[in-house]
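Every chain is named by a letter (A, B, C, D and E) in the order it is written, and numbering of its residues begins at 1.
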Amino acid sequence: MRSPSPLRAAFRQALGEAWAGGAGVLLPIGFFAGAAMLVPFTVGSEASQLSSIGTGILWVALALASLVSMERVFQADLEDGVLELWAQEETPLFLVAAAKIIAHWLVSGLPLVLLTPPIGIALQVDAGALVPAMLAYGLGGLAFFLWGGVAGALAASVARGGLLISLLALPLFVPTAIFGALATIEGPGGPSLLFLSATTLFALSIAPFAASAALRLAVD
Amino acid sequence: MRSPSPLRAAFRQALGEAWAGGAGVLLPIGFFAGAAMLVPFTVGSEASQLSSIGTGILWVALALASLVSMERVFQADLEDGVLELWAQEETPLFLVAAAKIIAHWLVSGLPLVLLTPPIGIALQVDAGALVPAMLAYGLGGLAFFLWGGVAGALAASVARGGLLISLLALPLFVPTAIFGALATIEGPGGPSLLFLSATTLFALSIAPFAASAALRLAVD
Amino acid sequence: MAENAATMNEFLIKAVGLGAIRGERVLFSDLSVEAKAGEALVLRGANGAGKSTLLRMLGGLSRPDAGTVERPVRHHWIGHRNGLKPHETPRAHLTHWGRVWGSTADAIEIASHMGIERPFDVAGRLLSAGQKRRTAIARLLLADRPLWLLDEPFSALDTQGKALVTSLIDRHRASGGAVITALHGEAPFEASGEVQL
Amino acid sequence: MAENAATMNEFLIKAVGLGAIRGERVLFSDLSVEAKAGEALVLRGANGAGKSTLLRMLGGLSRPDAGTVERPVRHHWIGHRNGLKPHETPRAHLTHWGRVWGSTADAIEIASHMGIERPFDVAGRLLSAGQKRRTAIARLLLADRPLWLLDEPFSALDTQGKALVTSLIDRHRASGGAVITALHGEAPFEASGEVQL
Amino acid sequence: MIRAFANPHRFMALSRWLAPACLCIGALLMVWSVWQGLWVVPQDDYQGGDIMRAMFVHVPSAWLAMASYMGLAATSLIWFIWRHELADMAAKSIAPLGAAYTAMCLATGSIWGKPTWGTWWLWDDARMMSVLVMFFLFLGYMALRAAMETRQKAARAGAILAMVGAVNVPLIKFSVDIWSSIHQDASVLRLDGPAMPPVYLTPLLIGGLAHMIFFAGLTMMLMRAEVWGRRGDVLIARKLSGS
């Protein structure tokens, strides 16, 4: 890498792409809210029951929305020939992959975190616990996006890999989901938040390399 | 339409495509099972609680898996130029759309229905109720696939319409999800099963036309 | 070769007063196109002039912004995109469209005529650019249809492939068919008319 | 034009003993390719012969099944696929890659040179085939790189576009660059060598 | 009526004075009904005391929300069959207004629900869910239109979605009858006539009328803006037809 400017460009491009895809930032919100919305009336909403499962449901909705967000990102790059261009650059591909994932998380993942309090309230979760929980949802969401990116890169060269992705990503999601759910129950200061941060750090340090290796494979 | 053979061909092609896409039939199963699997982790697995929400969770997982299955079908046809070919045929496009949706449901939707009993048992749902509930899941899943097809066709010409799809499809899913959830609680013979069948019949009679109108639009 | 050989002075396609607006641009307006049996029209124009747009209107894919298209006979379509799916092999492609069109032609024979017998069972996404194009063009041989609408049919083809397609076009015209094709550079067949965009 | 004008007898790319196996077929084996400053190699062969496969190995996209590639200088890549995203306008495309390459060239000037100033703000998915190709080729002008790897650069271009690209190639060679390109038909520039596949 | 509106010139001439008139009359009537509701009408203990005064906003906005969806579906159908450009402009204009009224219905309902039912929101209540779904349909309609490349395509895509989504209107209206909902049954718009004391009924009905008129005025204003926006395109179309 000669200068950070290629990376900044990759990041900007990914931001633009995340905005331009469909009607932009509104849509993951739609998926997230919709998924959270389907639960209560299929499950029944006796308030006591809902409030006890609410934070967990938010975790599931967050995981699935992340999956849906990252699913096509790298496959689209492959189909358009953009990946061929990046793979021939001197900029290390893992940095490009990381920039793309983080840009997508900023555009599609962060709004979901900001949405957890209102949706949590709708699911009758104790409002006081929701704002501190946003840190956990933010950390967890980033990990989901990272692993979702790896799965997306692995499935990129397979025709319609969208569903393969869920098979690959969901197992990777499990540790994050477990610690995340515990962390939201314990509140801030609990040990699970530390474990959650550890899984996210782990994802941050592994996922870009895994994704870039998968992308080299896809482009070959 | 001169003979039903173009339709049979469309159906066969869609069957082949559903199989060939990714690793085929295994994948919606992965998504479905994965989504259902995350719930006990995040929600906690006290048996009494799980069993009371289990059938509802299955409905949510079914809805989301259908969405993910149908999301790319028509967009892929558009990008490959297959849609251009079908749109110029004499075979009415709504029949082709219907054939495609039903083929995808057979390959990706029906296995989900067959999976509801084992996954339901894993979620501690009363085993006796699960087998009769399969009829409801089957009817509901078909409606989900049909509306998912309409949303997918509408979003096909939009860059990365995947997320727009959820915003369009989830409202259409709601009546089916409501009656479906009620029907699984009531068991067979309850009035909700009738309403559920009505929504599915309605979807069957409307969705192909709406999807084909949307496809003509996408190809223009 | 054409299925219902029209009498020589009847048109196979006739478009009157066609117009197209894209963005804020008028691509073309008041354009009329007519093709009779045996004719080969070439659409001419710079990149972005509107040749593909016009062809899509002629094929019924796009609604004209002005004017009408009459097309009393069936037609074949070869667009910029080949219509081959990534997992689909040439065999599957030809078998499929053969079924749709009730074709009795032998897919293997057509493939060997088009020089795609070797990658006949290779998935579309692994084929070379020219092999994909040849597979698309092989559809023309599956069913007799009087009118062919071809958008840069020679693109990605090697020299032998170009000669092959030229001979297909000549044969089709000789048997009473008509061809409308968008082209850059010299037409390797004798055009009976040009439409300049 | 080349950023570090190599002395005339040093190679800009050198591949030795390349081999490619696809499926059960050996596409080519023991193939050696070398290009020096000012040279233009043309890759020849029928559809599916392996030209694109070879180019991808030369560019470092595919691992050779045998042999080695040495490429001491930076290169530009124009593949079958343009690398333009559906929502991306030519302006966004050129600005983006200009940033990546730290280019100081003026995107608007390049666009008008390439004849894409009119659709400069039209999304990629709406562009005509030729306009997409021109946008991809415009990348060559963003940064000086000694080696150009071009896979059928003239495809989809109109006559004027072909002349334009030919002149780009000539200028590039004159300033000490090298070009390796897969082509069908006659090369509109003077090739310094051919590789038959 | 439709024929008169189908002609853009006549529409522009008509709406030039009709739109401001509607806005004025609607606003006046609205002020009157809110004044009645807030200060004149006696308090009702059964419906939760003073909070029941929310009715004079809640019920008209609920009616308008449903009416605007039906309007959206109807104009979409008209556009789909006859391709009257004005019908599409009407649909496009109705959507944001309908979304706003639906949001208002949801908000006032929640505010009313907290003291009376003890909860802001009930997820398995069919009435609330179906109204929420309608809100998402409006959002989806607008997002879909915004995502489309050209106006024609936006119109076609929007019309398809609007017509398909019409399934939900009967669901909203009859949800209280079909399911056991906590929401009260219809007491005004019933087959056997209203079952509500006239003290409440009159201001309520007038309020509904006021919102209706106001809504029509707003829609016409938006449509006028749309017509002006499309004037430029008409010039291009003229150029196209070669004259």
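Brief remarks on what is shown
Here is the rule we use: contacts are C-beta pairs under 8 Å (C-beta built on N, C-alpha and C of every residue); 3 or more make two chains touch, one makes a residue touch a chain.
What you see is a predicted model; the values in this text were computed from it and never measured.
In summary, the chains found to touch both subunit B and subunit D are A, C. With chains reduced to the mean position of their C-alpha atoms, the one farthest from subunit C is E.
The highest number of C-beta contact pairs joins the chains A-B. Computed centre separation for the pair subunit C/subunit D is 29 angstrom, with centres defined by C-alpha atoms. For the pair subunit B and subunit C, the distance between C-alpha centroids works out to 36 Å.
Centroids built from CA atoms put subunit E at 49 Å from subunit C. A separation of 31 Å divides the Cα centre of subunit B from that of subunit E. The set of subunit B residues that touch two or more partner chains comprises 20-21, 76, 79, 155, 158-161, 164, 167, 170, 174, 178, 220. Residue positions 63, 80, 85-87 of subunit C are each in touch with at least two other chains.
Under the contact definition stated at the top, the residues of subunit E that touch 2 or more other chains are 129, 136, 139-140, 143-144, 147, 149. For subunit A in complex with subunit D, the touching residues are 2-3, 5-6, 8-10, 12-13, 16-17, 20-21, 76, 79-82, 84-85, 87-91, 219-220. Across the complex, subunit E meets subunit B through its residues 126, 129-130, 133-134, 136-137, 139-140, 143-144, 147-149, 153, 156-157, 160-161, 163-165, 167-168, 171, 178. Subunit D meets subunit A in the complex at residues 59-63, 74-75, 77, 79-88, 92, 96-97, 99-102.
Every residue of subunit E that touches subunit A in the complex is listed here, in rising order: 119-124, 129, 132, 136, 139-140, 143-144, 146-147.
If you check the complex, the residues on subunit D that touch subunit C are 22-23, 25, 45-49, 51-52, 80, 115, 118-119, 122, 126-131, 133-134, 152, 155-162, 184-185.
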